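Some structures are shown below for you to check.
Two complexes come next, and they have one chain in common, subunit A, joined by subunit B in the first and subunit C in the second.
And then the complex of A and B:
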């Protein structure tokens, strides 16, 4: 799976979790860029990402991501 | 021996002089760091020894278990969560034994109609705090947030560093261990900042909390003897009194640590400006809330959310809040029983959990309808009232006592009218703190409303005079009879 494929799938996950079709994420996207992305929605998001990619994160990984770029790095590592 | 005992102050002075002596006399950095840490650990165990020498043994056992646990977890590879589970369970059972064994035994005896036991197991001082710190550390290592600590001195100090030993603030490994690895030095600036924070906390404790506690002790001991208005004043002063007590202790702990060169996180941030339970806990006992969120709420919420993942989308949308609410009720319940032994603490925790759920569901419904949050003033007062009403369970010994207090609050009866001067002063001080924070917020043009920290310039005559005046006022007005820090018993 290429990085572009991961982004395509992530866009769908973000749009579904935050109920907003206009969301498109990039490496630099952070919780500050999406209004409803608080600590709770972060958990919903990470579990939705797990399901979409068929992977599992540990709690340290769930809590330590600083931006979507880091999330994609982690997904790449787990999928790849 | 705590900040409340006069004997503590010569002890503190000796340690500060010792640390300063090491800093000035020993030029070799590694040696100075080692002696500094040995001195701090020795002082921490001296504090434990003063309560009961045998506590030193059980505390040392917890330190060793945590040290070995961390190293084993790190080496376990894919099985690290299993090993972590084993060590965490052992530590929690250790804590549970000291805190709950007598209570559970007595409850069991009552249930089978047998006389209860009078055996009371004395819990080692600070055990609730250092066990939670240890559990957090082991889970962080298991989650690969940072490596296990190799230096036993550092790990020991992270758990039992004496300023925070009795009542926190709770520390995290990634926050405190790096400070212990550095050769932290005492400096004039840090010392001046620490001493005024200490003095500020000392004032809150001996003047406000101690006087308010005397009034509250009398009222909660025999509520029916007091008039309704007196009971309402006591009920509304209950949480503020605990705030002055516990935030006073936290300020003193942070102040002493700062004087010695170490930083501890703040534990309170204007807790009474909140409009709901969730917001309240993000400003009250912040380090405990952070611990509960990181090591209990989040793992539970993730687990429950994963359980819902296989369900149809319509179900997931309809019950979107279910995983969070279930995790919150369990977390608040654990928070309740952590605070103290008995049914009342469990009810206290559950009530916070239930109101959290109600406010979350209501908030979601309002958001869905696009309604604004409305006036802030009314929700702030309503939250203050709700939190104080729940707090009755925290203050009373049995559910029956709490119910009798609620009855006395609403059933008209004759009783002593006693408008406690110190409770009125305490409530006024709370309002004053919020007004001061608001003025500072306007001055800074910041969006967030945060507590104002004392920042006197002690290099100037007015600054030093103000500090001496504050200490003089505390000594003149303070109550120095029998008193303790409420959170010491937890």
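And then the complex of A and C:
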């Protein structure tokens, strides 16, 4: 799976979770860029990302993500 | 009903698209019951609230929520603050888990200490429930405990008093005893739900340590669906019956082609056994008061031959309406609903053929036609949808099938009389019309929550509210039980009047449609007039509030001799009746038994 593929899929997940089809994420996207992305919605987002890619994040990883780019790095490693 | 929320559902899709689903549900212009639900949580409950909202909207209830602060269930229950008090919940849901148990037995504790520990844990919960009941007078839903995710002593945990499995099992039994002994208290059977989902997945500690969820986020749709079933059942939104196909639904094979001797049903083959098990399940549903009907493309003689198969357990007599013909199934479905005086959406369509399910679902809005899968999955797929979640089980439920059957017989009798009045007289009807009494409360509450058609104001009352009303001196309450030569119809009518000066306002007037056109409404009204008169009331005001379902009673008060004094733009009407000095009986077909005013 290329980074571009991951982003395509990730956009879908973000659009669903925040019910906003205009969302397109990039390496620099953070919770500050998306209005409804609070700590509770973060749980849903992580679960949805895990389900979409068929992966499971480690406990430490979820807390330390600084932006979507780091999330994509992780996904890249997990899906191989 | 949204297909996405029907079992078997895709939980991760529901979670991911919850906002869109919510938007779609709210865009449906269906009339929903607004209800206020307070969630008092022992862990994070935000997704539970959001999922519960989806399932409730789908079941015809529009919830408004109060959510306690994280893990503040006990404090907020015992010392409720203004926000919760002012919220006036219709339902309180105490969402706890085994991590909320204050102490678990240690290996050094003596059996006596463990006994004491268990007692005080139970008393902590039951003190909280009692307090909630006294403060809020509304139904309470309480999670029981899931089993622990590890077992210190392995299998010994199940029977040793020190074992966590043993301890939580006993605590669950105490919870069950409380539920059995108290009205309006219902357990959410987390122990079963978690086992069904898979305990290791359900209690995956990841979600606790990461997000303080005692339940795997992916399992929340299953939890919410089950909780919504209890709530919709409490507010009278249960389904009432099943409409069943025959070929490859109740037996294997096509009876018209294969012949009765070649259909698969019974112990001889594995497929035959699976159909037999399904028939047994349906027969047990019938005892719960679920009405069974047949909707099959078959000649009637073939259908009946199949239902008389020597290895089957369902018999033709188990069904109220049997429609076996070559008409489209949606038309048959509507005729069955009509014959039962039930709304089509209160019946569930069970057919192995996806095309038939599709046409019924498309043609009759609101009808559930679940994807039942293969024969060995039929039971689970029906069961998990919770169509018939039983919260209140009254004696009337056991008898309900008998009542529908006597109704069908009465319809037969109708045809043998010169005129309708002579027919009514031949029924030898007796009505017991009295003020509410403890024996009938459960049934009265059930009726007020599920009657939609013959219901002038469609006000809903919980059992607690009914019990409070009954004791208020400014209320005049009546229930009516009707029996006839074919049997007892049970409690079929409920009236609540509010007395103000010389006027009685009819806040609630409803009647079960199974006794339509029997003059029961006139008998009830006559008793109301007499009781009003006895209490110095001279004027009765009747209110009609139109809904999507109660068009049949638009002119009810006119028929009862009331005069219309107001009509609003939305179709609501206000009616007045001045009671004569000596009210006279206006019907002579029902013999009335009543109490003193």
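The definition used in the following text is that the second predicted complex is superposed on the first by the 80 of 80 C-alpha atoms of A that agree within 3 Å, B and C clash if a C-alpha of one lies under 4 Å from a C-alpha of the other, contacts with A are read in each partner's own complex, and residues count from 1 in each chain.
As a convention for this text, a contact is a pair of C-beta atoms (placed from the backbone, for glycine too) under 8 Å apart; a residue touches a chain by one contact, two chains touch by 3 or more.
Fair warning: this is a prediction, and the values are worked out from it, not measured in the lab.
Judged by the touch definition given at the top, the superposed model places A:54 against neither subunit B nor subunit C. Within the superposed three-chain model, A:43 lies in touch with subunit B and with subunit C [touch as defined at top].
Contacts of A:64 after superposition on the shared chain: subunit B is touched, whereas subunit C is not.
Touch criterion met: A:18 reaches subunit C, while subunit B stays clear of it. The contact surfaces that subunit B and subunit C form on subunit A in the two complexes overlap at residues 40, 43-44, 47-48, 51, 59, 62.
The part of subunit A that touches subunit C in the complex is made up of residues 13, 16-19, 40, 43-44, 47-48, 51-52, 56, 59, 62.
By the touch criterion given at the top, residues 39-40, 43-44, 46-48, 50-51, 58-64 of subunit A touch subunit B in their complex. On the side of subunit C, the complex with subunit A involves touching residues 12, 15-20, 23, 44, 46-47, 206, 209-211, 213, 217-218. Contact residues of subunit B toward subunit A in the complex are 81, 139-140, 142-145, 293-294, 298-299, 301-302, 305-306, 309, 320, 323-324.
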